[in-house]
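Two complexes follow with chain A in common, the first pairing it with chain B and the second with chain C.
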Partner chain A sequence: MAERALGPARPRRAGVDAALSYAVSVAVAFAAVGVFLAAMGFDVPRAYGTILFTSFRTANGFAQTLLKFVPLLLLTLAFVVPLAAWKFNIGGEGQLIAGAIGAGAAGIVLPGLPAIALIPLGMLAGIAGGALWAALPAWLLYRFGINEILTTVLMNFVSFGALDYVTTEVWPDPAAGHPTSVPIAVGARLPLLLASPPLHAGLVVALAVAAATHVYVNRTTGGYELRAVGANPRAALLHGIAVRRLSLLALVLGGALAGLAGALEVAGVHHRLIEGVQSNYLLLSILIGLIAKGNLIAVPPVAFAIAVLDVGARAMQRTMQIPVEVVFVVEGLILIFVLLSDVVRRR
Partner chain B sequence: MLRAGQPGGAPPLEMRGVRKAFGPVVALDAADFHLREREIHGLLGGNGAGKTTLMNILYGLYRPDAGEVLVGGRPAQIRSPRDALGHGIGMVHQHFLQIESFTVAHNVVLGTPSSRGLRLDLSGAEERIRTLAARFGLDVDPRALVAELPIGARQRVEILKALYRDARILILDEPTTNLTPQEVDALFGSLRAMVDEGISVVFITHKIREALNVCDRVSVMRAGRRVLSVEGREASDEVLVRALVGEDVDVRRSLLFSDERAARPTPAGRPALRVEGLSVTSPQGAPALRDCSLVVREGEVLGIAGVAGNGQRELVEALMGVRAAAGGRVWLDGTELTGAEAARVLAAGVAYIPEDRLQDGFLPKADVAQNLILGFHRRPPYGRGPWLDWPAVYDAARRLIAEYRIRTPGPHEAAVNLSGGNIQRVMLARAFSHPCRVLIAHNPTRGLDVPSTEFVYTKLLELREAGAGILLISEDLDELLLLSDRIAVVYRGQIVGTLPRPAFDRYALGRLMSGVADGG
Partner chain C sequence: MLTLVPYVLASQGTMLAGRAGIFNVSQEGIMLAGASVGFLGAYLSGGNLLQGLVLATVTGALFGLALAYFTTTLKMDQFVVGLALFFIGLAISTLLYRLAVGVTLTPPLIPTLREIALPGLSHIPVVGEIVFRQNVLVYGAIVLSLILYLFLYTSGPGLALRAVGEHPMAADSLGVNVPVVRYVATVVGGMLIGLAGAYLPMVYTATFTDGIVRGRGWLSIALTFFGGWSPHLIFFGALFFAAVEVLAFRVQVTGIGVPYQVILMLPYLATMAVMMPTFRRLQIPAFLGKNYDRERRMLL
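After this line comes the complex of A and B, so read on.
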């Protein structure tokens, strides 16, 4: 299982070790898949070139990558923070959708407000939506000890229904062919860091939140307690830590982070509620969290790398007709090798 | 290949020039070991001396960096526990793992060839387990759920696991640390029965008396080497202690061997901890602790004697605020703590050494420093408002590691890598790291080697001198007799008698502990 990195920076040797095992894992995963692609008659160097460099060849590619990076980063945090307390939040996409609905509602219902009030309000509504969505599983865990894995997953399905209802019944946009809401007010949209290709300011928000999360988990007594609960709940309890309360908090915090991701997608990218906002982010974020082994310093670079692969994979599918799933296989293999390298080193 | 189970007993076994380093830590350095046929071979050694590592190599869990293993005189390649079992070697670990939701039989057959089919023939296995259990006096019901078994029975399950796989050489890593005296006697009986059938046993322990009682031969390890092997009859306390701690320690001056159980002024301080009518009900609804009242005065050690499972755990849990009491009240220095959460109890000045270090006190995935602050993390110098001051934490950890001689490369080392006794030292260093009004110490020397045990005793008596009240719950009568000012005996959740120091008497305590006498 994922090993939670605890505490401040380890001695340097451990860092070098870890970097090396990542590099080897990535290389081996690509090599293994490359053999298969070559056997199937594909042009492997060109395919890999597309996967790795699409993000860096054009400004557009780079902007696209960053736009993917933002929700991936936040959703991974939503998975990793509860994981520190050894709680499994598999409800990131439901919480993202709830956050999107919250932010969307604010932007649609209050068009008269000035941007300076409406943008933060939308973000807050998103955070509240996500937190609320996680609060039910968290409460069920707190009150009755019901396993959070099941309940957070189930809440995903409820969110699909809710989004469908909002986009087809409450604020439907009849002109769109797809379940979509009317657009949010212009004042609710995030400012752009870059006009063309468009890149919204949510990137800054996401990075700041990632830094704050790191500080909370690794530098505060609350974060220490969270990780103590994750490491051994009984020992934590006997040493004065409110285990059940913290587990509840961890899940709600995860929900809030996912909700913020949803709000940024609505206010920064789509400017409306749209079915499918959650994309395949949940799966990728769990993958990122596990590859990073829950380490909050490793999460942003890993999330960025996965965003690069994802953008590259789509380009490869368009230009070379190689299915994007190839890249999922590579990512899965990287995860397996990273986990394996731990086992090997322990002997 | 030399197949196990041959008539004529287990093959002799030899390890030569074994070296094993974990990064900078050299756990074994040119260690050798010789196990004869049909013997119980005691293996002693200080905490971190390398006993567990040596046996893990024999069992195929670690590869040695150098050296060889010979079974029946021929070199053997042991790369995994399966190879080890192929050579007839089985092991019961210091901290073993079982699947709690499975039955005994299920746990035993798990991983054997017969369990890999689609259907599991458990009834055949149960029969065989019953036969083995009867033959060796390892009383356990194959159909019982492991989760419901006490620790002693679980250990018998582990032994049965090895025997079920036809082990002819059985390694037991500190099997007696968690057992009651009765269970220890029963275990020794079983070991004898095994040797009579030709099985050889390696028995790791810290208790010299046990080694002298039961072993045919005893070896002592120190700093990664075997430094002594003697025949059981020729061994004595003194020879073994000398080998354990080195030549330069004066054994005779040691607190452990002192016989001054004699008079000590009766402490007359104010009550530090007062408990009145405390009752605890078990989750199943049975009374686990009944109407327990006690007072620990300032500068007093109140010993609680009793066979494990007579309410000690419930008493501690109720005092620490992690288990709701069905009735009764608790005061610390006159402040009522009835029903207070653990955080408040600790803040009020209680320090705590948990009974089961792994479950109750240890964060395996954290590093050593993070383990050393658990429970004190909100207080200065570690916690400052919402912030944790990591430099202060690591500084303090370095100090504690040196003072308590915790064998580890440093405060950043992952705590899982510590040896059993060194984990216990972390528990102690933590409890003693802050001044306290009351110390609740539950089996504080479990798994500690001789010098460390003595060190703990010194610390406890220092704390007593400093005016703290100490509640010492222990299954080790010698320990209680040595340290306590009074001893209260618990039996079936009740305090059945309290003896003051002048009236200490081993047999009287024993009678109270087994519930046959009424105390005063």
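After this line comes the complex of A and C, so read on.
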């Protein structure tokens, strides 16, 4: 069996060891980019101070970070759950948009319903939208054996067209300068945990879903089968596990998680459909999933850390004119070093 | 004909590495980096396109080298490394552009590649105008496909390369240096993909934007599968991809009562549709995506 650099079936290592390799990776990545920035003539200590502490200086910054954390966490789960079966879901973006459209449609078409019915309905519509969007690639894999990396990515581009269509043709808001739909009904909006700075209840939902996902993948029979498929599909097949059906299930489940992320964005943050709702969450979520090496316990803290960096990077761009992409390079290097540390330890 | 080139270059690059057993999934990132570096190379030298093309090729080679090193030498998973490189390509493409150009109101422009009419041939009615009055990379893509075909199927090194992708153990036992073959194939493949990226600003837009590649990197993977990982079929497959893109563009301009968003989806949907009946029957190198460790007896 070909050795896999990451995967849920790996033996448990001492947590200290893993934490150390993460710390070294982060430090080296920051140091390398710091040298580069210093050579470009930027004030590195101030830049890094902004990146690391913006989230914790003000309540607003912290709320901002948590608002990013919610979609990042869910989208990472959408990547990591299929990864347990060693299927690569690179279509989280499209599934998020499909979920957003589903939730938006519910909130726009059914304004009369009370909040107690409309909010869950919106969430369900979002989950269904995301699952449906993933179902096509999953079915293509199941029926024709078409590589899922390819089809999930292609569905992203299809979703951009769909979002553009609903925001400019179906429910357009003519007052907005940017393709945007009319707002969803007040009853479809998520309650706030905190009024000012605004923080919606989706945070609780996301954390609960993350916990449930962990239990499903690591503590149930179904999850065990999923991981068995990921670790060694041939052995799994020989033991009577329906490998292809589980792969299909894993991808659809991933789509549902991404769809929920989209629904929360619409019902909690934007209160309308808006082009660009997907932000750069897909890329960051793949990064988080790979840095966490598919480990569901590690995903929430890593997602939070990336949210901190993202909020900090935007602040740095505003105040110091250092491009936000600097932080992407740092993150990419962290990923490379984390993966490398595995190679080093294997020797 | 114009839209053919990025698909041909990127897919041939993918094919070359894939035939040696390295499944590159970072095309989108490499093309973006190639587009950015190629554009900047030309822009900062006052419109010297050649310099841009060379720099983009070097960038692609570096990505290929990184992919080969992490997978062949360090034996890391090819998909994981590919996705990491995709991310890095995306990050540095925008970063370099921002650092070099900054935020401007009017986009900085470079000249686009000039068309070269082949003497004599371009005067043939209809066909001559279409086929023989093109920019240099169109000719390059055609010649490249031909060379790759001859190389893979009629030369000794080409045979060795295919053997490495089909059965590295057998190739190894016949004295083929598997890691070297994989390195060379992946680096040359990366060069072609980088070049494909540089083509976009030099022919289409004359400037660099974040969304310039727009899925062409991913589509080129699809095309490589569709072309059964063989250079001649990839070339003809690229004709289909280019035709769909041109069709989508035409319909968008003229309008036929279909929302234009549907037209924008067309290339992606068409790709998935054509893969449905064909995917199972396609030839795929047996060791695609699998690393080879000569100290390990058991394979698979």
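One rule holds in what follows: the second predicted complex is superposed on the first by the 334 of 347 C-alpha atoms of A that agree within 3 Å, B and C clash if a C-alpha of one lies under 4 Å from a C-alpha of the other, contacts with A are read in each partner's own complex, and residues count from 1 in each chain.
Just so we're on the same page, a residue touches a chain if its C-beta (ideal position, glycine included) is under 8 Å from a C-beta of that chain, and two chains touch if they have at least 3 such contacts.
Please read all numbers here as calculations on a predicted model, not as lab measurements.
Of the two partner chains, neither chain B nor chain C is touched by A:Gly112. Of the two partner chains, chain C is the only one touched by A:Ile336; chain B is not. After overlaying the two complexes on the shared chain, residue contacts for A:Ile286 are found with chain C alone; chain B is out of touch.
Once chain A of one complex is fitted onto chain A of the other, the partner contacts of A:Gly240 are limited to chain B, with no touch recorded for chain C.
Looking at the shared chain after the overlay, A:Gly41 reaches neither chain B nor chain C. Judged by the number of chain A residues each one touches, C leads among chain B and chain C.
Of the two partner chains, neither chain B nor chain C is touched by A:Gly177. Contacts of A:Glu225 after superposition on the shared chain: chain B is touched, whereas chain C is not.
Contacts of A:Leu140 after superposition: chain C is touched, whereas chain B is not reached. Put simply, chain A uses residues 3-4, 6 to touch chain B in one complex and chain C in the other. Those residues of chain B whose C-beta lies close enough to touch chain A in the complex are 62-63, 320, 322, 341-347, 352, 354, 359-367, 369-370, 373-375, 377-378, 383, 386-388, 390, 410, 412. Listing the residues of chain A that touch chain C in their complex gives 1-6, 40, 88, 90, 136, 140, 144-147, 149-151, 153-158, 160-162, 164-165, 168-169, 283, 286-287, 290, 323, 325-326, 328-329, 331-333, 335-336, 339-340, 342-343.
On chain A, the positions that touch chain B within their shared complex are 3-4, 6-8, 10-11, 219-225, 227-228, 230-232, 234-242, 347.
In the complex of the two chains, the chain C residues touching chain A come out as 25, 70, 74-77, 79-81, 83-84, 87-88, 90-92, 94-95, 98-99, 214-215, 218-219, 221-222, 225, 259, 261-262, 264-265, 267-269, 271-272, 275-277, 279-280, 290-291, 298, 300.
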